[in-house]
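Presented below are the structures under discussion, each in the form of structure tokens.
In what comes next, chain A is part of two complexes: it sits with chain B in the first one and with chain C in the second one.
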Partner chain A sequence: MKEKTRESLYGYLFASPIILSILIFTIIPVFTALYYSFTNYSPLDARKYEFSFNPQDALSMHLGFFPDEQGLTVEGLAEWIDVELFMDLDVGVNLDEEQVALVKQHLDVNRLLQDFLDGKLATEMPLKEFMGTYLTQGSEKFQRYVPKWVWLDNFNKMLHDEYFWISLKNAFFFSIVVVPVQTLIAVLLAVVANTPIRGKGFFKAIFFLPSITSSAAISMIFMLIYTKPGILNRLLGIVGIVPVDWLENPATALPAVMIMNIWTTAGYFMVTFLAGLQSIPTSIYEAAEIDGAGFNRKFWQITLPLLRPQVLFVSIMGFIGCMQVFDQIYFLIKNIRNMTTSFYIYQNAFQYGRMGYASAIAMALFVVILAITMIQRKLVPDEAYF
Partner chain B sequence: MKKVLTFVLLACVLVALSFGATTITVSGWPGNPTEEAGIKAVIDAFNASQDQIVAVWEPVPGDFRQMLITRLSAGTGPDIFYVDVNWFDEVAGKNLLLGLDMYIRRDGYDVEDFYASLIDGFSYRDRVYGFPKDFSTLALFYNKEMFDKAGVAYPNHEDSWNDFRVKLEELKAAGIETPLVIVPDVNRFLPLVYSFGGQFVDENLDSAIDDPKTVKALDYYVSLVQDGLAQEPASVGATWIGEAFGKGEVALAMSGPWSVGYLRDSFPQTWEKTAIAELPHGEKRSTMIYTVCYAINRGTPNKDAAWEVLKYLTGVEGQGLWAEKTGILASRQSLAVLDTDPTKTAFYLGAEYGSAWKVETPSGIFSEANTQINSVLKDLFYEETTLDEAVQFIKANYASWVEER
Partner chain C sequence: MTVKTKLIFAYIALGIYVLISLFPFVWSGLIAFTPVNFVDEQGNKQGVDIMEWPPEFKLFPLRFFGAPPTLESFAKVFEITPFARWILNTLLYAGLVTIGHLVLDSLGGYAFARLKFPLKNFWFLLFLSTLMIPGHVTLIPVYNLMVNMDFINTYWGLFLPKLTGVFGLFLMRQFFMGIPHSLEEAAKMDGASIPRRFFTIILPISRPAMAALGIYIFLGTWNDFLWPLLITSQKEMYTLTAGLNFFRSSYYTIWQYMMAASLMITLPMVAVFLGAQKYFVESGAASGVKG
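Entry: the complex of A and B
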């Protein structure tokens, strides 16, 4: 082997854990979801040809006779058998129209009944093997579950699905409020944490704490804060505001979750801005101070413009995160009018058994996020100041 | 050294298990500690009764249905598992459960002993796929002390829904802020539909929400909240009905036997003042029956062994032990008659006239319609929509929520 080939082979060998895991857990699922979005894939059907059954029992159930009864003939029994009903109810498999037609035409009833009478059917066999044995042709249609290709049906349905639009609207509303607010707060926190005040390490840790706390735990705490007799209503009660059930009321549920989300993520993005602040040369500030600029002036005219790459990064990451917000919605939102798109995808996939439709919505969400990210990049040219 | 020894012992046990006997896993959601101890006792009793089969209890916390569906899709499901009557049609319709009729016939198993309303819930197209492990019904919990203070007569067996509302109004007038706690859930609203003489779906499995009697029931239910006679648990600072009642925030709650043990343990002071009556009646009596069955995974390689375990779990002996340990309502009438606990009377009576908590749909899946209608009920509670709009919305969209996938 050539030195170069061997070298790259070792390279790939070292990189293989990550290559494989990305391939298995990211690339393949992404393309599988794309494929599923054009089908009516139902996970519960995935093993329908694998189940084994006892053909003798199934036939006995269907015919009402046991093979050892006296005076049974193939011809006599053939009159009793309803092939479609037999497959559907007694064998127990849901077939599509094409498969039903195949079974009606090509199931070798005589052979089946002869084996029944000879007692050859008393052993369990998988459905696909049964079909292979007793179907004179077309048994390849019964070997593996292939979801039906429905072209654009899922996408078409999506366009007319009121709840898809509600969920998308909610996700947008969520992002449009949360992203600017969390970015601004993160910048402010970073600026404050960057000034030489006492105990700034402590503050940094406190601000960062929510983002490393489990989102389930935070959700549970906020659930308590937001309940009707909760602490928020008690505080507001001092000012004379009537208690509101923040999470139960459809009008206040989403804003309540937004506030919590801002609180959780602002500290996380603060770290990004802190790194950005370190890279701004102090000489610029010194020059500004000599010219008599105050804190406000310095913040708006120096700090913020020079943080532009970080702002772009944070707003893009924040936007993607917000459009995909799931866990906090899952824990706190009770009313489907307040759900976001990711939650609707989850509902369809795991609660309503519509994996194909869920995949289609996931694709739509992907396209929306991609488009918005591209627009953001166009609007904010990076490296403009350097 | 100790570790090595434990390991060797464990390995020996595993080897013995895998060669000596067939292992059958039984899976469900974990109950409260009493129920956990109960099921373990039943499983142990089964294992002690013979040496061919070893049954193992594997509870799964969290969303059991979702876990089960994922595992069944992957072909790694447990041998025997819980199936709630509410999503029974979905798994039975996908042919994931083992049909039991051949086994019943072969062994002459006594199915007649189960309450008919329960066994019907676990039949799909006239074939039986599971046996109920127990059941619950809804009844009316009331706080005697609050009634005494307000000078209002206790609810009783004779009360109609109108009498019930009058009593709520009297309680409110006597200064009880929230007389009743209710939730915007289809399964709590259905008994009213049936007792008002209405229907929820028609014979074609379309929505019958616009049936005049159903509309009347809907109006009755949501107006309880709109008129300030009832509130959701969260509004009184509770997470669920039992807690709201236990905290003494409300005088009445419609709940099931699961609240009895909870109240007894968590709110003993409230429990002392609690009595339980049957739900009020309309044209008819009705209540909701909640039940869960043991069913066998159709993909299990050990069907006969699984059947033996199932027979024991739901048989007179197994269920008798289960009922004795946990105090549940027995699904076998021969065991139910032996139960003399007076707090359970109202619940047992419900089994005679109640309906199982399931709604038949073309796809076998009601969950989407359930979410949607719950949301409408909630909107009605808060008057975000009107009764007419709500009825029209449900009527227009119902088919798309329950259609074949």
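Entry: the complex of A and C
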């Protein structure tokens, strides 16, 4: 084998697991989600053909007869059967108009009733198998769930959905406050830690701690701190602030979560900045001091401009993260008016069973994040990423 | 300002932020060790009010909120929930995902850093473009895939979609690209095959990068909440975070239990972090953990 072929072969051997995995779990799903966003995909409907029922009982219930009663004939029973009602009420499956028409036209009533009278009807059968057995034609319409293509209905609905806009506004509000505040705190801490102090490692470790904790556990801890008789209100009471029910009050709930978010990330970003600061030669500061520059001037005119790549990196990462904040909202936000977009996507998909609509919102969030990232990328040199 | 006053100012500022960083842990710890009720010196059973103000702390004898500290809330968590099972599930989930990343990301990273194969650039750019896709976009299709494969409430459903990732691939690729070619050239001259070069030359010197990636993935998976929330609906299959979510719906009024459970989820990762700090703070992994 030629060296080049062998290298290609090993290249694919080494890379194929990760290529396959990313194709299956990231790239194809992106296109699937795009497809969903133009349909009315509903997880309940998606399972309906797999759903098992008892045809014997359902038919007996519908007709009001037991198969072993005397004097029943197929012809006699056929007068009692109403296919549409039977599917809807006794089988209990939600079919669209086209499917109802199909069943009405092609259900082999005679065969069904004959099996019923002979006691040959199964006592448990998935719907798709039932249709395959008793429809004379068109049973392929009941084999695989195909969500209805609704064109731009989801996006249209989104534009008029008050809660979507509230959620997007909240996500923006969250990011626009959290990102600058955490960045500023992080830069200030880094500047302070960049002085010749002892125990730098200790400070770095402690400041890093909040960012490695589980957001679920940390949310519970902050829930305790934020309760009305809790420690935060007691401490604020010392300076005369009236107790607030931080998480129950719609005006303070989101800011309370924001403060917690800043607490978890500021120290972590400080470490990024400290690394950046340590690469700034001290001679620059010495020169500035000779020129009589004070702390303020040095901070704004030397430190911040030289930290620009890190500041932009941190604000982009922070912004992308904040726009998608989920765990903390899930645990701490009770009022629907305080939720963020990613939480609204979760609610629609997994609580309301509207996966098509949820996918449309996810697409919108994607576009918003993409647009913001593009704007920020224009401002930052590429090498700051990797 | 003299150098000395500057330093004093720095210590004060950093000290205040140390207090802010540690306070939630300390406070939840105090509550977790406080009993729900206790028998006082007169033999009367007393409830403990953890919201009392000012709180009564004493060193001799040790008293939290006027009561002797105990471990009973921690024991109670194991009693009223399958907490041990949740720990096992979380260890399996985080462990398998970490192993998956270490093996597959490093294999892939090596291929993308050092080997030439057709369509390499195409795949690379395709992967690069996925970095900006929010997790919520792929969540629904991947969840449906798991449902169709009958993977709900199974370990397969938990870890299979998480086994590799573009971030880990890029991290390893970046690291391998930094290794001088000359290291491999000699072995190549001696006729060593590609796998042999990878396993005997590249892997042994990649330990720091692997450690950083492994710790970062283990931590992220241990703390992961949304995916276990979706994939598990049976109590026995919960991970710690999903279990905490279930636990709070029934016991949220008993703060002692809640804090004991929360701390038991948090502290193992604090230990991991403190043990492996050098990989963390100094590695490239530190530049993209969470937002």
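Throughout what follows, the second predicted complex is superposed on the first by the 348 of 386 C-alpha atoms of A that agree within 3 Å, B and C clash if a C-alpha of one lies under 4 Å from a C-alpha of the other, contacts with A are read in each partner's own complex, and residues count from 1 in each chain.
Following the convention adopted for this analysis, a contact is a pair of C-beta atoms (placed from the backbone, for glycine too) under 8 Å apart; a residue touches a chain by one contact, two chains touch by 3 or more.
For clarity, every value in this text was computed on a predicted model and none was experimentally measured.
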item	value
Partner chain(s) touched by A:Pro43 [first = chain B, second = chain C, both, neither]	both
First (chain B), second (chain C), both or neither touched by A:Pro229	both
First (chain B), second (chain C), both or neither touched by A:Ala362	second
Chain B versus chain C as contact partner of A:Leu85, first or second or both or neither	neither
First (chain B), second (chain C), both or neither touched by A:Gly318	second
First (chain B), second (chain C), both or neither touched by A:Ile241	neither
Dominant toucher of chain A (residue count), chain B or chain C	C
Which of chain B and chain C A:Leu152 touches, first, second, both or neither	neither
Which of chain B and chain C A:Leu189 touches, first, second, both or neither	second
Partner chain in contact with A:Phe350 - chain B first, chain C second, else both or neither	both
Shared chain A contacts, counted only where both chain B and chain C touch the same residue	43, 46-47, 227, 229-230, 350
Chain A residues touching chain C - in the complex, by the definition given at the top	4, 6-12, 14-15, 17-19, 21-22, 24-30, 32-33, 36, 43, 46-47, 188-189, 192-193, 195-197, 201, 203-218, 220-225, 227, 229-231, 234, 263, 265, 267-268, 271-272, 295, 313, 317-327, 330-331, 342, 345-346, 349-350, 355, 358-359, 362-363, 365-366, 369-370, 373, 386
Chain C residues touching chain A - in the complex, by the definition given at the top	1, 6-7, 9-11, 13-14, 17-18, 20-22, 24-25, 27-28, 31, 51, 53-54, 104-105, 107-108, 110-112, 115-118, 120, 123, 126-127, 130, 132-145, 147, 161, 163-166, 169-170, 174, 194-195, 198, 219, 222-223, 225-226, 229-230, 240-241, 244-245, 248, 252, 255, 258-259, 261-263, 265-266, 269-270, 273-274, 277, 280-281, 286-291
Chain B residues touching chain A - in the complex, by the definition given at the top	63, 66, 69-70, 72-75, 90-91, 93-96, 99, 101-102, 125, 127, 232, 234-237, 298-299, 303, 363, 365, 367-368, 371-372, 375, 378-379, 382, 384, 405
Partner chain B, residues of chain A touching it in the complex	40, 42-48, 50-51, 53, 57, 60-61, 89, 92-94, 124, 227-230, 245, 247-250, 334-337, 347, 350-354
